[in-house]
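Have a look at these structures, which come just after this line.
Below, subunit A partners subunit B and then partners subunit C, in two separate complexes.
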Partner chain A sequence: MLIFHLDPVAQALFSLLVIVALILSFVMLGSHWIRNHIAAFAAESWVIAALSAAVGVYGHYPELVFIAALTALFRGTLLPYLLLRIVQDLKQNREFTPLLQPSSSMVLGATLVVLSYALAHRLGVRMRLADSIAVLALTAMFALKLIGFLMLVLRAEAVSSILGLLVIENGIFLGSQILVPGMPLLLEMVILFDLLIIVSTFGMLIHFLHKEVGTTSSRELTRLVG
Partner chain B sequence: MEFATTAAGLSGTADDSYPMSPMAACMRNGEEPMEGHVVLQQIAQVLTIALFAPLLHGVIATIEERVQRGTGPSVWQPYRDLYKLAGKEIVVPATASWVFWAAPVVACTAMLTVPILIPVLTDYPLPLSDMGDILGGGLILTLGGFAILLAGLDSGHPYGGLGSSREAMLAILAEPTLIMVFVGITLLAQAMLPFVVNHLLVAQPAVFWSPAHLFLVAAFFILLTVETERLPIHSSIHYEIYMIGEARILEYSGPLLALLKWASWMKQAILYTIFLNVLTIPWGLSRHGTALGIAGALVALLGKWLLLALVMVFVDTAQSRLRFYRYQEPLALSFLMAVLAVIARQI
Partner chain C sequence: MIWPVLYAIWAVTFAAVGGSWISRRARLAEALNLVAATVDFVLVCVLLAATPAQGATAWHGYLLLDGFGVWVMFCLAIVYLLASIYAIGYMRWMHGEQARLHRFYALFAAFALTMFLAPAQNNPGLYWIAIDLTTIVSAFLVGFQRAPESIEAAWKYIVIVSAGLGLALLGTVLFYWAGTFVLGPVYDMTWTSFGTITPKAEPVLLLLSFLLVLVGYGTKVGLAPMHTWLPDAHSEGPAPVSAMLSGALLNCAMLGIVRYLVVLRNTSIEATASTALVVLGAFSLLVAALFITRQVIVKRLAAYSSVEHMGVIALGFGFGGPLGVIGALYHMLNHSLTKSLVFFGAGNMMHAFESKDMGRIRRVLRFFPRSGAIWLAGAVAITGAPPFGLFLSELTILRGGMASSNTWAVWWMGALLIVIFIGFLSKFRGMFFGPRPEHAPQLRLRAVHVLPMALALAAILLLGLWWLPPVWQHLAGIAAQLGGV
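What follows is the complex of A and B.
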């Protein structure tokens, strides 16, 4: 729980950062180009890094500034770079597999945001969250998770699946930065390295699939091969 | 974000309950101006829009040409066009009915009515500006467009019907967003009056920088490009295949065409003014209504128009036109921004 009090302008800044992170996930829903998805993911990670740095500065958690630097380095730079390399190896820069048009999936995403607001509002009343910023963080967390799931459902390409998982993870991280800012540093580093392992394993898997099966779309991998 | 006290803050003291008439909150305290003065100020507001709208269009056209390395017409060209058209004869298609004659007059009247309702030069309401709120202004603006749409169908020309059907489809896509933006503005200021919104944003920087307001600005900007016939939806080149707005008025000639063109330029000027004076740059309006203040507000308004014109030129130059089946994408984005703004306001 956020224990320090915020002045109105800082509160506006916090909510702005949270909502910009939310908007960037809609870029992933609305664009056809995988390169744009990766750029949006990188930008989202940088925004979350800025948010955790701001929480660190305003709430006097010096270790959060360090975590912000780690976030920017790992999530904002290294992971997008690895993903870009995977995409370049595949020579596939467009997502051909979405089930819905970009505009429909964006409107669906907006519905999910409304849903998560309703959920966060209920939770906020139940948990007596006094700070409106906590409700906003809960909303953004649920919304990012649902949007990540939506991406996983709508798209079959392997790279999009990794991106969907990473968006879900980003949402949880964003929520934790505001709701429980005092999380141990060690835990954060473990999460970051886990992410690195996920992406590199997925990269190897995709490489293998591409070479052996000739496709990376999960819709075509419906047959068991012994 | 807790904005509940903001509306009360407008009337001066924080512990005041919300004033019965939000309009009264915007009135200047005490000193009532003389009746004649405010009427003159209201007339000045309407004249500002009517007389400077062609200049705004000319400036945008010229800058756009300059950016694309052409020479471009003079900024006074729209005035010359109006003068030239006013002297020509009127040719009416044999199939046209009275709608054909009524549409330009209705459109022009609607555009002359809206400036009465919005803060063009003064930041306090003038006589008759309580006729309608934001929704009323939107209704009158749409009425002008609707009249032209009917006229396009009425002429019986294939291009007219084509333009009208395309315009109707765009309206269907744009209207929900417009309503969402209005709802967002209403929730932000707890009032549907443009003057209240203007005062609130001037008085409270925290509201100005809040995500609710910024996303409303973004949603409104996308609507602005659609409603003022700019890219990514409307083409700046008038080939028949791209035409939307132009196709509806293809059958018009002479003074009627002049009226229609003038009305569309005024619509652009009005929407720019709402966007700038109410939402984006609420400063630089006359507070006391002195002659010097009004003149200063006029200069400030022209400067703001120029800024927005530069942004629009950038959009027009950098954007490519979307194909017909992707029209809903920018509008879906705008809808999304408006929904997010409403949600951010609720929190």
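What follows is the complex of A and C.
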């Protein structure tokens, strides 16, 4: 299995890419400009594409190189482009009613990473994998998941909600490249297309929100209660 | 011969989608949808009779037809048929939307198609994608009326459910990872292969994956505390869509939870996993009871009743054992029929009294003696009173609970069902009696508005008076297959 026999260079490269991806999610937490979020998301997707390609080369999974190209195309280029278009249509380029300052949300994000590491480490010890790259991959998976949820909670803009969900997806994809590189190709491809459909759907709904409700901030969506 | 039937169901439904979209004529779309629903119903009945209980696979193991999947499809086909009849009457009331009505029917059929796809997936990952597709299509149906409330409901629905499904995807990936320690780095992801890895894989990892999947698909099922999208989406969509969401979609998502529960049988964490499902079900009942007693909006009342019934079904599967599983399966069918009836009645009355506020709907029986009586019978049925089907299935689940290790939940369920019975029917008392409304409703209901309600009532009455032995045997066969025996 890939995680058991990796040469040190590959291990270092994978770790570096995973950590860069994690840091990019802090770029998102540390800014209230939506364009920065989209740029960080695009960069994160390219990092994940690089990781897929690296795992494909080192682990002899040629189809992962193909997945890497698709990831760069869909997650790294097409999705950010769609999101940018949504932002331009709305002329809403920053988050006005965040619950916390960037600094506080980054501290909160760091706490979540520590929590994820604790969980991943415990799991790693139980499975006798404590010194392998699996712990790092699990940490990134859980941490991006929690940071995505944190963004959903703290941010009010509709576009930020999409980005939060995409960060969650990115985390799963990132971890699965290392943990289960052999996961059926079909599934990964379908999930990529699925994301595209979801983002288009979100885009249309945001358009309706803007037109019919007159706001794209979730703090003002308070008609339905009880 | 079962596979051509399944492909025919997909093809017919797909034809209705394409035909409705391309033709751009509302009346034609209406007819296409009704024909597709009728044909689907007949074909699913064929599947019900012909599918072997232990299941069969096709397409290199990507497709699976088993007793449980077909049963979920059967509930779906019934709701789709009833809702298609009802939609003909209901959607013509929407005068502002006539130019877009063909799109409604295209989406409606597409929604049914995605739900026909999900139970037949043998690959847990593809099942996840099918459930995701149901979310996307149904979000447009919820927001179809383009009123601010509908769009808000659709937005909340898709954000909350996507976040939940993200957890389910993580759980699926971790489950697959747990298997790589047993079967090697690359293996086919199927429910069967998941079943073969569970005895040998690391229990902690399996439990973590199961809990993620449970919370993820539980969001889609509407189990509290992840149910928050459900009352909004169910109450703001058009009434036929509410019926489809409640009677068909929730079952499709419950199927995923149960399939994961089944692959965990005979492992050391089986009891913990079942108890987790029981706890969520019990909490759903509590939340439903609290919100039903305080409700003022008629379709939200029915929506919280869906939270309640999904809780009951979760309890049934969580209790396990032949009685628990048979009761839960029977409950799925009864709930699909009864909840459709309640939503159709609510749609009629909301339109007649031009309000969704229960305080404005008064003296229903005086103005609508026939459809009002059917609606009232449906309300009595949905609270689990005899002589209707839900009474029998709830009683069976309670009996199953007594034999399980979670007997506390039986008392909990019994007490909350009584609270819900009182709370739900006191709302109906207000709508059927009380002061006379200021303006008598002028609406005249036509046969299409009442016929699906009458059909559903006849069915639940029959199912409640007489649990047909072949039905019992069929459900017992499924339960045996699911490991309930």
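FYI, the second predicted complex is superposed on the first by the 218 of 226 C-alpha atoms of A that agree within 3 Å, B and C clash if a C-alpha of one lies under 4 Å from a C-alpha of the other, contacts with A are read in each partner's own complex, and residues count from 1 in each chain.
Just so it is clear, a contact is a pair of C-beta atoms (placed from the backbone, for glycine too) under 8 Å apart; a residue touches a chain by one contact, two chains touch by 3 or more.
Note that the coordinates shown come from a computational prediction; the quantities given were computed from them, not determined experimentally.
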Clash or fit (per the criteria above) of subunit B with subunit C on subunit A: fit
First, second, both or neither for A:158, with subunit B first and subunit C second: second
Contacts of A:30 with subunit B and subunit C, given as first, second, both or neither: first
Partner contacting more residues of subunit A (subunit B vs subunit C): C
First (subunit B), second (subunit C), both or neither touched by A:132: first
Partner chain(s) touched by A:16 [first = subunit B, second = subunit C, both, neither]: first
Which of subunit B and subunit C A:66 touches, first, second, both or neither: neither
Subunit B, subunit C and vertex subunit A (Cα centres) - angle in steps of 10°: 150
Nearest-approach distance, in Å, of subunit C Cα atoms to those of subunit B in the combined model: 19
Residues of subunit A at both interfaces, subunit B in one complex, subunit C in the other: none
Touching residues on subunit A, where the partner in the complex is subunit C: 1-2, 123, 126-127, 141, 145, 148-149, 152, 158, 161, 164-165, 168-169, 171-172, 175-176, 179-184, 187, 190-191, 194, 197-198, 201-202, 204-205, 208-209, 212-214, 218, 221, 223-224, 226
Sites on subunit C touched by subunit A in the complex: 123, 125-126, 129, 132-133, 136, 139-140, 143, 146-149, 151-156, 158-159, 162-163, 166-167, 169-170, 173-174, 176-177, 180-181, 184-189, 202, 204-205, 208, 231-232, 235-236, 291, 294-297, 300
List of subunit A residues in touch with subunit B within their complex: 8-9, 11-13, 15-16, 18-20, 22-23, 26, 30, 102-104, 106-107, 109-110, 113-114, 117, 121, 132-133, 135-136, 139
Footprint of subunit A on subunit B - complex, ascending: 1-2, 205-206, 209-211, 214-215, 328-329, 331-333, 335-337, 339-340, 343-344, 346-347
